[in-house]
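Next up: the structures, one after another.
You will see chain A twice below: alongside chain B first, and alongside chain C after that.
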Partner chain A sequence: MEPINLSEKITTDILRPVGITKSFKIWMTALLVAFGICIYAYTLQLRNGLGVTGLRDYISWGMYIANFVFFVASSLIGMLISAVLGLSGAKWITPIARIAEIIALAFASVAGLVIISDMGRPERLPNVFIYGRIQSPILWDVTVVTTYVVISALLLYLPLIPDLAICSRRMDTPPWLRKIYRLMSLGWSGTPEQTAMIQKCTRILLILIVPVALAIHTVTSWLFAATPRAGWNSSVFGPYFVSGAFVAGAAAVIIAMYFFRRNYKLHDYITDSHFDKMGKLLVLVSLVYLYFNINEFLVPGYKLEKAEAKYLHEIFAGRYAVLFWSAQLLGVIIPIILLLIKSVRKPLPMMIIAAFVLAASWIKRLLIVVPTQEHPFLPIQYVPQNFKFYTPTLTETLITLASIILVLIIVTILSKFFPVIPIEETINELKHGDK
Partner chain B sequence: MKKYGLLILLLIIVVRLNAQSWEVPDDKKAKVSPVQFSSETAKKGEVIFLRNCQSCHGNPTKGNFANLIPSPGDPATDKFQKQTDGALFYKITTGRSPMPQFKDVLTEEERWQVISYFRSFNKNYVQPPVASASKVAAKQAALTVVWEAASRKLKVTASDTLKRSLKGVGVLLFVKRYFGNMQIGEEMTTNDSGIVRFDFPKDIPGDKTGNLDLIIRINSEKGDDVQKTVRLPLGVIVDKPPLTLPRAMWNVVWKSPVWLLLAYFLVVIGVWSFLIYIIYQLVKMKRRAGNV
Partner chain C sequence: MEDKEKPKTSRRKFLENLGLLGTGALAASAAVYSGYHYEHSKNKTGRKIKVLTADNQLAEVDAGSLTISGKPTLTALQMRGREGIKHRRWVMIIDLSKCRNARKCIAACQEAHHLRPEQYHINTLQMQESEKTAPFFMPKPCQHCDNPPCVSVCPVDATFKRPDGPVLIDNERCIGCRFCIAACPYSARSFNWIEPKFANQDKGKTYDVELNVPQKKGTITKCLFSSDRIREGKLPYCVSACPNGVYYFGDENEDAVTNGTTKETVRLSKLLRDNGGYRLMEELGTKPRVYYLPPKNRLFPFPEEGNIIEKEG
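Then we have the complex of A and B:
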């Protein structure tokens, strides 16, 4: 096949799903309706306060904070795929790098909103900045999450610029959309000067995102580890969170890859080989995560220090045992074993495994946040029975669901208006491959 | 076996009864207010109630009291209204776990005002005759305080406006602390010359110069307490540098450790200067393309 025809084919293939289609309208309407229902739940919380949730004096961090940690975790995958693998020269990531960046941006930008949903009086948010203490990990977290959102957005945008120029030249796109594409392409014409600039800036971002991404989740872990409480008082919390983040993010990317490939008919670009490699990557990060899990639970479990013992008992054999063991088995151990088998590393089985891994990651965050608070050093006394244990309410669940739907909405919009696979880069790589 | 069962049952009943009942001595039950309850006293009582009692007892008639054991209850209900004024006064005064005692927090007059507020929710309440005029109309009393260093005693002289000494008057002594007043010794009664002498302890921490704020109070049966505050250097000198002086992790933001400020701002400025550089490059690219 002629190279020119090939690049035309690539462009057509990748741009085929871009634009407002009928299925997009149906899907978006469904998402928006669901989102609207969940927003109604939030208006209840705004009107009546956090009393509508299961949060009380002793357990004041629940589903919201667990969800926040999960979102921050999932967003880390952008760094792993684009930066760590990209800088080390792994070429196979080209078609999935943008998917990873879209997921990273969507999760990271909604994470901040999730924190606001945990505030009974969100209008007091400015006080965090006005009276914020630089000594508090909360301020560091706000700083680093904001920075990560900006870097992720830039890292999504810069490699997109050449593709935007291609989009703006397409005739079958509505004129208003073409105008937006042209505006966003910043007058890209592919001159050597422009190419050099984009390459240089992308490289800076790829290097910059590594420490920032590590910081974002390490600082999130410090929100817990910086308090001397049973279950949080751990020195491996930083790497434990980061390794868990890669697991959650890799699973999210696999699920996204599966649906983009199927719905956008990108079988030629996201191939079985990509799934095979992502499967291996998931095994690798899961093994690291398993190693930190063993450290995190075996060491205090061996000592069974008084306060830790009560908390660990609840997790290993008490109220949370079923959740804990199913998260560890179905979300870490069994996926590792299954994904070691070559025939399992195929799109559909991997998508199902990834769904389990992702769900388990979410539950695991809940298990990190809640049980510790049910076992403070001083006994919980003189309070109503429902203050002693955390049970999320329907309202709270709907509000949490709202944030997940919002992530889906952002992912949908980004993947519908922009090519999910880098066109320019794919063409370039093929050309280089031909040489 | 059966015997033991019965014993345990009895024990449980006794324990349960103990948990529920709050015995008030008969003479305390019979105590009556020296203050005539009025809408004015009830209003004053409401202010005190909202500040000190509402967090557990909720708003009277609303039944929104805290769910504690034993239950605090709603003051507007029969649980409270069936008790005598004296019984309520005793309970407010002495408290029991987890209810604190208000002996040193509220004056007697204030405690009666709270009861007056409770009674304002009871249409059927008729106040018993006000306690007979006491030995002293406290409002007319004046207190003079003299420190007798040699014997370490605090001499308090109570007299009326005509400088006649008041005998047989109960005087209490407190030292003001951070969270309330600490009583020194017991209530003492003035002698024929209107004088009481309190033994004063040596070891009460004072401020930088050893000053203590002393509160001397005459609890009048009529409810019009007299109180006098004097500042005397009777305490131990405590001159430690304030904990908020040095830079520290737990201090206010402008006294945070230098290394932390440096680390935070260097990292933030470092990372953001790259980001701003990149945004600047993009703007430049757009401008150049526009010129072409």
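Then we have the complex of A and C:
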């Protein structure tokens, strides 16, 4: 096989789905219409107040906060794949690193918006910067999430520069788009100095993102763990959240891999072996997560202190038992067992398993946020029935859906205008492999 | 030659600069003076008004320079609300043996603060510590902790601890994140989920942080130890409204507290010592400013078991 022809084939293969196609238009229209409907729900909330949600004085954090935690969690996978595996020299991640970065950037940037939807007075957001108190974990969260979004965006952009130069040279692309590609490629011509510079910058960012990523989810866990409430007052919350984050993120990447491979016809690049390795990675992170789950529930469950007992009873055998056990079984234990079998680590079965894992991850966040608040230290009395238990409303659900749709929109746009697999890197690796 | 000439030029230059500086300074001071003069004269009406000063002296001032200081501005109220009352340490004692759940405290509080019936700054709970122990009623206001978890977590300094004790909320600054609700172990805080009850009636009123009126949609509302009343030297709304002598309120520095019903003033330290006073959830380290006297010798019946809304167990 001629190397020139091979790199041409790679370029054509990867760039084939890039650009505005008919299916892209249909999919985007559907997303935008759905998004519009959900945004209408948000205008209702802006007009009438947070009373349109199922939240009340005692259970005052619900679906929005759970969704926020879920989004921050899912975004951590960018760090795990690009930085932890990349820096340790795992070569197989090349075709999926960009997918992981796209997922990370989409989830992390929308997480910031999700938190605004939970604010009683969103127009006072500038107060956080004007009157910000450094003692408040919210300030820490704002700082680290913003930093993480910036680093993730750079980690997506820098390795993309050589590919942007390739895109700008493509004749079948509309001229205006080529111009944008050329501008974004910052005059890339592939000289050794340029290559060295990008590699150096990327390496620095890959090292930087490790502590920042750990910080975003640890700080998010402290929003709960910093309070004295039973169920939140836990010292393993940081690592418990981080390990759970890798589970959710790995599942999201597997789902994205499956659809990119199928819809963009990238079977030659995202191969069964990649799924096999991602399956093993999901088993590994799920086992760590299971370990923290055992710590988080078994230890207080053994002691059954007064306040903890009420809350634990509710999730083990009460109102939330069905949700809790299905999330633990379908989202952690059964996936671990299934993914240990080699024949299961194939694209389709893995996509289905990952969908369960991801859904369970979302439910698990809701179970972390809500039941604790339904059982405060002092009894909830002399209030209407809807103050005692949390039931999300339709409006609230639509606003939450809006954020999920927005993630899909961002992922779609990024993957439609930029190659989801690094072209230059793939070619280089093949060349080195030939030598 | 050159060496000799140099100082000459410098002197000339120096004099030049001095002249320039002098003229500049003169012009500037003239401008400042005329501005000052204008500021003073612009309000001069020539009409004199007789006023009585604080120390009963009759004085005559120009009508233009008179401002009526009856209505403090929002900023003034906010500053006053944060400063508190000097040299005081407010404290409340709740005698559980006297509470009959009359709920008059709640009614007075909700009326004063323009709250909806389900919004509590103070609520009376029906408590029972364990199966065999006797049930009792427990009024539960904000505990005004000296180590308040709610204040620690507030991202914008909207809720704050005052030097004289109360924990207040500035609903002109609150962003509505409800982190304080999540952090409070006493469930003492409430939120304006929808438009407040008296939104129309209170329109245009200057917000008083010590009364938290007008209430504002999307912000926190909470017990304020009736900071507006204690500023006037009165007892809090709930304390004065109680028909059963449950509440004592006063200043820890003076070691004196006054019963809201009997108006009897007693020694704080003696009251706590003689009656086994305690604070709620001491183990959390929140250091409340509200003390409870145990529910002993209750001489009135408690509603039968079935009527207890929710046992604590």
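Basically, the second predicted complex is superposed on the first by the 435 of 435 C-alpha atoms of A that agree within 3 Å, B and C clash if a C-alpha of one lies under 4 Å from a C-alpha of the other, contacts with A are read in each partner's own complex, and residues count from 1 in each chain.
Operating definition for what follows: contacts are C-beta pairs under 8 Å (C-beta built on N, C-alpha and C of every residue); 3 or more make two chains touch, one makes a residue touch a chain.
Everything numeric here is computed off the predicted structure, so don't read it as measured data.
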| item | value |
| --- | --- |
| Partners on chain A (chain B, chain C) - clash or fit | clash |
| Which of chain B and chain C A:187 touches, first, second, both or neither | first |
| First (chain B), second (chain C), both or neither touched by A:204 | first |
| First, second, both or neither for A:384, with chain B first and chain C second | both |
| Which superposed partner A:133 touches (first chain B, second chain C, both, neither) | both |
| Chain B versus chain C as contact partner of A:255, first or second or both or neither | neither |
| Chain B versus chain C as contact partner of A:120, first or second or both or neither | second |
| First (chain B), second (chain C), both or neither touched by A:76 | neither |
| Partner chain(s) touched by A:154 [first = chain B, second = chain C, both, neither] | first |
| Partner chain in contact with A:405 - chain B first, chain C second, else both or neither | neither |
| Chain C region in steric overlap with chain B, selected from 6-14, 24-32, 60-68 or 96-104 | 96-104 |
| Common ground on chain A, meaning residues reached by chain C in one complex and by chain B in the other | 132-133, 135, 382-384 |
| Complex contacts: residues of chain A adjacent to chain C | 48-51, 55-58, 60-61, 118-122, 124-125, 127-128, 130-133, 135-139, 142, 223-224, 226-229, 373, 376-384, 387 |
| Of chain B, residues touching chain A in the complex | 66-69, 98, 249-253, 256-257, 260-261, 264, 268, 271-272, 274-275, 277-279, 281-282, 285-286, 288-290, 292 |
| List of chain C residues in touch with chain A within their complex | 118-120, 123-127, 140, 149, 152-158, 173-179, 181-183, 185-187, 189-195, 217-219, 281, 284, 286, 309-312 |
| Residue ranges of chain A touching chain B (in the complex, touch as defined) | 132-135, 140, 143, 147, 150-151, 154, 158, 186-189, 194, 197, 201, 204-205, 208, 212, 382-384 |
